[in-house]
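What follows is a short report on a single structure.
Going by the order they are written in, the chains are A, B, C and D; count residues from 1 in each one.
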Amino acid sequence: MTECRVTIYNEFVHEQRNPEVGKLYPKGIHGAIGEYLVAQGFLVRTATLEMEEHGLTRDVLDATDVLIWWGHVAHHKVDDAVVDRIQSRILNGMGLIVLHSGHLSKIFRRMMGTSCGLCWREAAERERLWVVNPNHEITQGLGRYIELPNAEMYGEQFDVPEPDELLFISWFEGGEVFRSGAVWHRGRGRIFYFRPGHETYPIFYNQDILRVIANGVRWAKFRGNTETCGIEVCPNITEPLEAIEDKGVAFAEIEHPQ
Amino acid sequence: MTECRVTIYNEFVHEQRNPEVGKLYPKGIHGAIGEYLVAQGFLVRTATLEMEEHGLTRDVLDATDVLIWWGHVAHHKVDDAVVDRIQSRILNGMGLIVLHSGHLSKIFRRMMGTSCGLCWREAAERERLWVVNPNHEITQGLGRYIELPNAEMYGEQFDVPEPDELLFISWFEGGEVFRSGAVWHRGRGRIFYFRPGHETYPIFYNQDILRVIANGVRWAKFRGNTETCGIEVCPNITEPLEAIEDKGVAFAEIEHPQ
Amino acid sequence: MTECRVTIYNEFVHEQRNPEVGKLYPKGIHGAIGEYLVAQGFLVRTATLEMEEHGLTRDVLDATDVLIWWGHVAHHKVDDAVVDRIQSRILNGMGLIVLHSGHLSKIFRRMMGTSCGLCWREAAERERLWVVNPNHEITQGLGRYIELPNAEMYGEQFDVPEPDELLFISWFEGGEVFRSGAVWHRGRGRIFYFRPGHETYPIFYNQDILRVIANGVRWAKFRGNTETCGIEVCPNITEPLEAIEDKGVAFAEIEHPQ
Amino acid sequence: MTECRVTIYNEFVHEQRNPEVGKLYPKGIHGAIGEYLVAQGFLVRTATLEMEEHGLTRDVLDATDVLIWWGHVAHHKVDDAVVDRIQSRILNGMGLIVLHSGHLSKIFRRMMGTSCGLCWREAAERERLWVVNPNHEITQGLGRYIELPNAEMYGEQFDVPEPDELLFISWFEGGEVFRSGAVWHRGRGRIFYFRPGHETYPIFYNQDILRVIANGVRWAKFRGNTETCGIEVCPNITEPLEAIEDKGVAFAEIEHPQ
């Protein structure tokens, strides 16, 4: 694999405020995911809410192939200018992986265009994530399903655009289902939403969950050395490729938007 | 057909500034489209940029089944609070039809999550819109293609999410192609983008173009009398549908976002 | 609603061989569905395996807007020539609704191009069909889910092409999930697969299930009065729409396929 | 790249019957494509119509990662038993790349479920294939479009299921458009249709066309080391994952299909 630079953003609030979460993730959720990805050969950087520009400066984003996002109680504290910058990088090819409660993050809602709402319940119930697409890069190396003994429930309807490819559907002990893994393309960028990851359970130590995240990073990495035109720009192609007949239509003088 | 209330928004700038456009559309682009739709039995209202709240107050939107959007040079003058309100109405079931240069409008970019960029040229060239999906409501009553003698060219890449259904592909005299008619679902709402409609050509008098817009309105009209959950809300479903085993997992006290 | 002619095919084997099924569906599964659809104002005809050409002659199919299919143990007894004929009618606009074990029917496998396999279990377990798309014609008039006290389980992976729109996902008491309602477009035709309907349970008397079937018929009905070209034919368009430059390329004499 | 075994099927009729085609492709179309792929490091094997079982024995298919298909006048001579075998291999993970007139081949029609019809014209006209998806593996290393000075025209409507991803749209000098590059997933297999390749033009010597085919092979290669269930089999999962309540429902003795 060619070099792949991953930036893991975690708002890093629960771990510092809540002793039980802090004990579970002593280096933060970003730390747990980061350790695994480093061991897999990725180049990893982390970023948290309280860092300047949330650690997501232009330089950092420009040097990021795939951005991983975990947030929950502090979505509203993320600066809109940073969100603009991330969106622009995604349209130009940076991958985005959104985990669990990141469904309500500004950046995910921005990219989806929807509310990204859902139903939820915290009852430590059993979850089983069924693989519905076994030939996608992201589901490689798995059995028919991943089982989590304790999870927060997320239930339908999940207000996102119909996925380009649906990868996982969750079964919950309490009676609900959820589209738990799905991908979308936006501009030159690839986006993967993956449901598991509640802060009070040791989900980011589960080897199958970590494997899916690593697969996701490999899939989301920008490939593009193809020429583009139209993504974030609206160039005036004055010179046609084919001769255009003069139709004697007088053009009005038109003002154009910026 | 049951009653269908259509609101046509037009920024209404070119018609007032440019005498040639004014002569072509003496009642404005909204007037031309509106006359046709009224004759087809729709309940039509119009709104323009300079009206208070651009004519798109909460009351108007609440009484709108389908919103049609034409804008070009004044996208940036549309108030963000109005855009928020329109997005919310779409997610709750209002249809949206975006015409021509509306591809760069705030509301369309908001709903798509992408830049909605493209390439363009003004050379009065010939355009032929090929029907690629002949069994969609929107393409009913047409021949194999619609031909426009003079059109502004829009070329790929068109930076939008892969359409849920692609309806039209345009051929341009100067050598380009474009995905000219496409639909997307967002929340409970239906969105239709339709490319033709440059202000300097009599496109909104073309019977096939008008027919497509009317078909689009019928298709985009909200159907939903189905119960929803998750769209614009994240309810806590504390009562499970199935009994959940007590696993003795102590819950951390979690603060939740608003 | 304009007139809509529905033909209900049922292999009609279980009802005659198995007294319990016969008692549950004394007029056959086709009879139970048919009674409901007649009461809804549809024009209904039924067809069964043992009829000549299975009751699906050219004349019958030509006079059918939507074909409903229920089969289970006798898929292999359906004549291939009849399957060819049905496929052709679908491509030309007839709707197809495939119920339950019809997933292995020749016509569904023909239209999908896949094996249409799945996993299953008969344990009278509870099923809950969650609506994941609340603004589709087929899900109108429902709550958030349909609950069936006893059902045969169908589990993923379901070997079908990714649906054009996914409408229902089932939760099963025994731990599985299934994409229970989905639609696909093929040629000018519309196809709806709907999972429930095991012959030993009174599922075709459930009002929500019947409502979904009726909604499906309305949705699948052919709309097309649009001109087509390419569907089941490959016409040679010798006359171009635009002038083609003579490039002095000598053409080899080519034999063409039929 | 790990080893990738490609089998190129060419009916190999035009090259032997028509001296001009024979001069253009002295080693056959399969030879021209094969030379390029060998130089790119793929393991290549070729197969032609007149070989026993068309060169596509079970052993050959079992040792094939990606099958490339070119056929035109002899589609009807391909044995149905071989088509069955290819379909089964695709559902189990073999990739399929269908070129040009292969759109009417038995295997492509089988996988699509549609007629795969289109409109066509032979007038040595100019074709321009526009890249509409610049971040797909298959479009890597290209400019905004590929231009072919002389091509057979294929026009819409192209009777195939809506592609999972649309990659190329062609512009033709004579006024038509066509969805020239598209992909579909079926079972565990990946399918790529690529339009160019008429036998009377030197299209399979064009470096961009060859690059797309090589990209297609890399993309279509089977990944799957994920466990599957349901693809080509319908196992009875008698042992549930969760306890099922005894509901006292008596089961009818049911006969099951094979």
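FYI, a contact is a pair of C-beta atoms (placed from the backbone, for glycine too) under 8 Å apart; a residue touches a chain by one contact, two chains touch by 3 or more.
Nothing here was measured: the structure is a model prediction, and the numbers come from that model.
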Intersection of contact partners for subunit A and subunit D: B, C
Centroid comparison with subunit B (C-alpha atoms), farthest chain: D
Whole-Å gap separating subunit C and subunit D, where each centre is the average of the chain's CA atoms: 27
Euclidean distance of C-alpha centroids - subunit A vs subunit C, Å: 36
Multi-partner residues of subunit A (at least 2 other chains): 128, 131, 133-134, 144, 155-158, 162, 164-165, 173, 175-176, 185, 187, 228-229, 231, 241-242
Subunit D residues touching subunit C - in the complex, by the definition given at the top: 14, 17-18, 20-21, 72-76, 87, 91, 101, 104, 110-115, 117-126, 149-150, 153, 155-159, 161-162, 164, 173-176, 184-187, 199-201, 228-238, 240-242, 244-245, 247, 249-258
Partner subunit C, residues of subunit B touching it in the complex: 93, 128, 131, 133-137, 139-144, 164-165, 173, 185, 187-190, 222-229, 231, 241-242
Partner subunit C, residues of subunit A touching it in the complex: 128, 130-134, 144, 155-158, 162, 165-166, 169-172, 175-177, 179
